[in-house]
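Below: one structure, written as structure tokens.
Naming follows writing order (A, B, C, D, E and F), and every chain is counted from residue 1.
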Amino acid sequence: MDLSLIIGNLLNAPVLFFLLGTAAAWVKSDLEIPSPIPKLLSLYLLLSIGFRGGVELAHGGLSAGVLTMLGVCVAMALLVPLWSFFIVRLRLDAANAAAIAATYGSVSAVTFVTAVNFLRQTNVPFGGHMVAAMALMESPAIVVGIVLARMSDRDTTGPSSFSWGKVFHEAFLNGAVVLLLGSLAIGAITADKDAKSLAAFVDHPFKGVLCLFLLDMGLVAARRMGDLRRSGLFLGLFAVAAPMAHALMGIGLAKLIGAGVGDALLLAVLCGSASYIAVPAAVRLSLPKANPGLFVPMALAITFPFNVVLGIPLYMSLIQRWWT
Amino acid sequence: MDLSLIIGNLLNAPVLFFLLGTAAAWVKSDLEIPSPIPKLLSLYLLLSIGFRGGVELAHGGLSAGVLTMLGVCVAMALLVPLWSFFIVRLRLDAANAAAIAATYGSVSAVTFVTAVNFLRQTNVPFGGHMVAAMALMESPAIVVGIVLARMSDRDTTGPSSFSWGKVFHEAFLNGAVVLLLGSLAIGAITADKDAKSLAAFVDHPFKGVLCLFLLDMGLVAARRMGDLRRSGLFLGLFAVAAPMAHALMGIGLAKLIGAGVGDALLLAVLCGSASYIAVPAAVRLSLPKANPGLFVPMALAITFPFNVVLGIPLYMSLIQRWWT
Amino acid sequence: MDLSLIIGNLLNAPVLFFLLGTAAAWVKSDLEIPSPIPKLLSLYLLLSIGFRGGVELAHGGLSAGVLTMLGVCVAMALLVPLWSFFIVRLRLDAANAAAIAATYGSVSAVTFVTAVNFLRQTNVPFGGHMVAAMALMESPAIVVGIVLARMSDRDTTGPSSFSWGKVFHEAFLNGAVVLLLGSLAIGAITADKDAKSLAAFVDHPFKGVLCLFLLDMGLVAARRMGDLRRSGLFLGLFAVAAPMAHALMGIGLAKLIGAGVGDALLLAVLCGSASYIAVPAAVRLSLPKANPGLFVPMALAITFPFNVVLGIPLYMSLIQRWWT
Amino acid sequence: MKSVKRFEIIIERLHARDVTDALERAGVTGYSMLRDVTGTGDRGDRAGDELTEVFRNCCVIVAVPVEAADKVVESIRPLLKAYGGVCLVSDALWVNH
Amino acid sequence: MKSVKRFEIIIERLHARDVTDALERAGVTGYSMLRDVTGTGDRGDRAGDELTEVFRNCCVIVAVPVEAADKVVESIRPLLKAYGGVCLVSDALWVNH
Amino acid sequence: MKSVKRFEIIIERLHARDVTDALERAGVTGYSMLRDVTGTGDRGDRAGDELTEVFRNCCVIVAVPVEAADKVVESIRPLLKAYGGVCLVSDALWVNH
């Protein structure tokens, strides 16, 4: 195992700010980043990552390799919630199993962004289409989760007002997906004209904004850790095992389709990360019986820190061994 | 008609973000830029445009040409509400006619900022005094509107608490005017010392912040479009015809006083744009009988998009023909 | 007295924005920077100043001179509230005297940041350890103030729920201290790797953000000036005399320990400034009988403007005479 | 002044739209909303992080004529059943204007 | 505990100052304000965009001694007449301190 | 619907935690909080600058069974004594879910 990569990642400003946030919450400091500042930071990160992805996509074009990668991504977004559901179902009721399945089938944009920052720092190139892949992987797991819940127990899906229209709307038109795809398209359209004049906004402050956002994530994640007692050992283990297993599958698939090192890492992170922004809202509307005190802390207080602190360099060291 | 300019403008990041916001609101996505983030963005845009205007003013100085231009601007700010009032009065009561007159006599800072961005992109120079012109054009129309309303119907102006002192205060000391003129003065005073050290804040992120703000404007404008049914065809037509007519007058006057291409475009945009930030507040306080469900959507959901998407390149292509 | 330095400072963008804010509040403009935007600006300033201090500390190292300076700072933070208490006690009760003592013994981060900006502008170097000094000077005065209040009147410290644990927690773990020390540590740890990639976030917008924050400080300070009538002439004089006296002591100590010009100015500002962010909160919790309508306006509406507008260039001109 | 019933409905912000839709179906034409409410209840802490609206509440305030109160209660109850939350009803006078 | 009348005044945020001025003229020395209130009423949606305070409400809460209530009603009514908005009055007990 | 007592506690935001701690000690399991409240009272303006939470209030809303009301009053009173603020109590009905 390549320890230097892990330590190098730990001594990295964004990760350190995440740990600072965690520490501040632990000592019960009144440090806080009040709403809606985190929203501004996340809008910025989505816009920035989307726009740059679009610019790179415009330069790279839509080759067969790109389309294969997108296909693999969507397939994983459909399959991960499937087995996750049946594993969690061993212990929990259908609604909660479906919620957790949707959570782990979808992706965490901030983990992705942190991985992108990791790649940029180590000068490893990656394709702009991976941003499109992330956008495509946000939603399918939500639909799969709800289908599974309804199949195993008609009663899980809330009040009479349930409608598939609402589910699809919530899954595919939530703000994060729209902003990401929109910025991607705008980046692709204006690649030649605007990329330079927007660079000072889109590129330069990127890492700093990520630091500030991770500081807040640290504060929030640490506060949610208290909820973890409720989830028990089984879910705690799942929250660490799932990202590792899914990331491994992602790496295997990347090798299979001949992806580059950078794209392989991003695929690993997309498969291995769990959503705590878009999915909770969609799931809460469609599966009101699922307890957000279970699936949110799992994703936010275990899987997210694991990926950001250990997972990313771990996956990278695996990939570097295998690819060379 | 020079279509390439219009299409070029359409394929421009700020305009595309405006359209993205509109589209997101149409598909009822939950994308939102929560308060007070838009306020931060607009404070930034005003500070930035004011400061840079001041720096350029300090370099350019107050020539006779500059003073003529400022005189023309104030004259238009006094005259536009006059005829607008009598046209709208054909259909509506005095309070609403006065409110609409004030709206179209005043200016839209964001439209101005978008035009400035358009000029910078196409490397057309313009004078820093045009920022001063914008600041001078914000307020007079409000006073003219209220005078007209009171002349034609003493009863339009609200409760006993009406006072001219309050009207002038609201018109000339509202936050936008103060920040704009203040930044202009500070820019002019510190032109040599601070222009460089502030450039990274004032210049570099400008276009990106404009994109983010226009995204929000798109969301808000689209939501206000629903209100337009109430306003009927007459007001709908007015909201498109007025900017074109006033911009044409502005272009004519610019030619008359021998202004350059950049200044001519900005004068056209100042005359042709309608206020939806400062005026509604001032009018609501002084003419409570005027319905903000009429004059705000006209300015925000018709005139603003028209100017930003079509008007600016249209006026520019006219000016380019005429000037060369 | 070197008038040119004072005038030069007055014609400086950050100071002018402070004055613009004051003027806007005086004419009762509705210009406002709504919450939580000022919080975002102050988080940014603390992070930026902390990170850069850490980077410089990593390069400079912890010499004997640095440790002496830190010792002097802590000593001043313990002594200043001591005599301040007994002076103010001549007129006010123990709780209020203790609150004012704590206020003047602690430091104002924004005054410090403004002084840093002043030094950068005039290209005077200073040590990164002065940021650590600021962090160390935030808290001791709070504890000293409360000890003094309790010694002279057991009854001053609120309800039965009083506990030293809470006092220390509030004093040493408040958000500003944690963020400042955290960023300092992160800056020192990642000095080589991240300093460059974070520069665009941490350095470039610094002065602009300071301008925007001082604009808000001007608005708030001017609004608090109304409260000053209550405080009377004695406290008004104290609020001007204390910063000058403490800054002079700071300058003397700096000369004694052989500090450079930049460090001497920062020490003067640390000694001479008064806290209006961290201290009021801590004091309100521990000394509820102290009236925040006294100690906050003194620090915010007299001492802060005095230091920012006149104090900094005054101290600098003194130091320049003495050092050369 | 007219006697009215004052409703105060506290529910996850995610469901704000459902509440106002239900009110409109019940014939209510005016209501007010506070969008930044935190809290604790049977369903745990809603401490208000910005990451997801699941942990943030809103509060809808509605005054309706006394005779319309039952209809409002019936329109809100299914939402409380499905999603949790609180609905308080009290008496008030409405100052005519 | 002392019997008081509790007022709740919801009006465009633009008029917040007018309300507190009127209250002060009516002899009220304490009040509270919520500055971020949205709503719908006779005058259409006040959905809360940041662009102008015309589409955003505030809510002023005031508790006054029972005997002062009429004076407060009379001070508020002209504002409601001119600008719209809602004023609810209810009974409450004030916990002495 | 069940009769309850509705408490509305307005106090400096700095003391929000003290209030909820006191409520929890009094056996309350559910409450709501508005975190952005300004106001004026005996202790002067709390006009809401962002610089320090000393000039900003919060408002805690709690509904409790009628029989639990006295205990809540007793738990809050010392805080009001020490720090100022307002606590209003009124009658309400709780819509069961």
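Everything that follows uses one rule, which is that a contact is a pair of C-beta atoms (placed from the backbone, for glycine too) under 8 Å apart; a residue touches a chain by one contact, two chains touch by 3 or more.
Just so it is clear, the model here is predicted, and its values are computed rather than measured.
Enquirer: Listed by label, which chains are in contact with chain A and with chain F?
Expert: Joint contacts, listed by label: C, D.
Enquirer: Using mean Cα positions as chain centres, tell me which chain lies farthest from chain A.
Expert: So the chain farthest away from chain A turns out to be E.
Enquirer: Shared interface numbers for chain B and chain C above half of all numbers used, same, or below, different?
Expert: Different: when the shared numbers are divided by all numbers used, the fraction is under half.
Enquirer: Just give me the whole-number Å value for how far the CA centre of chain A lies from that of chain C.
Expert: From the centre of chain A to the centre of chain C is 41 Å.
Enquirer: Can you compute the centre-to-centre distance for chain C and chain D, using the mean CA position of each chain? Integer Å is fine.
Expert: Once rounded, the distance between the two centres reads 45 Å.
Enquirer: In angstrom, rounded to a whole number, how far apart do the mean CA points of chain B and chain E lie?
Expert: 34
Enquirer: Got the chain A residues that touch at least 2 other chains?
Expert: Only 35-37, 39-40, 200, 204-205, 281 qualify.
Enquirer: So which stretches of chain D touch two or more other chains?
Expert: 34, 36, 48, 81, 90-91
Enquirer: Please list, in label order, each pair of chains that touches.
Expert: A-B, A-C, A-D, B-C, B-E, C-F, D-E, D-F, E-F
Enquirer: Please output the residues of chain A touching chain C within their complex, sorted ascending.
Expert: Checking each residue of chain A against chain C gives 11-13, 16-17, 20, 23-24, 27-37, 40, 121, 200, 203-209, 211-212.
Enquirer: Where on chain F is chain C touching in the complex?
Expert: Per the stated touch rule, the residues are 12, 14-15, 18, 36, 43-45, 47-56, 78-79, 81-83.
Enquirer: Write out the stretch or stretches of chain D touching chain F in their complex.
Expert: Counting only chain D, the residues touching chain F are 8, 10, 34, 36-42, 48, 57, 59, 73, 76-77, 80-81, 84-91.
Enquirer: Please give the residue numbers of chain F that touch chain D in the complex, ascending.
Expert: 1, 4, 6, 20, 29-36, 61, 63, 90-97
Enquirer: Would you mind writing out the residues of chain C in touch with chain F in their complex?
Expert: It is residues 35-39, 158-161, 216-217, 220, 223, 227, 276-277, 280-281, 284-285, 288, 291-293, 296, 300 of chain C that touch chain F.
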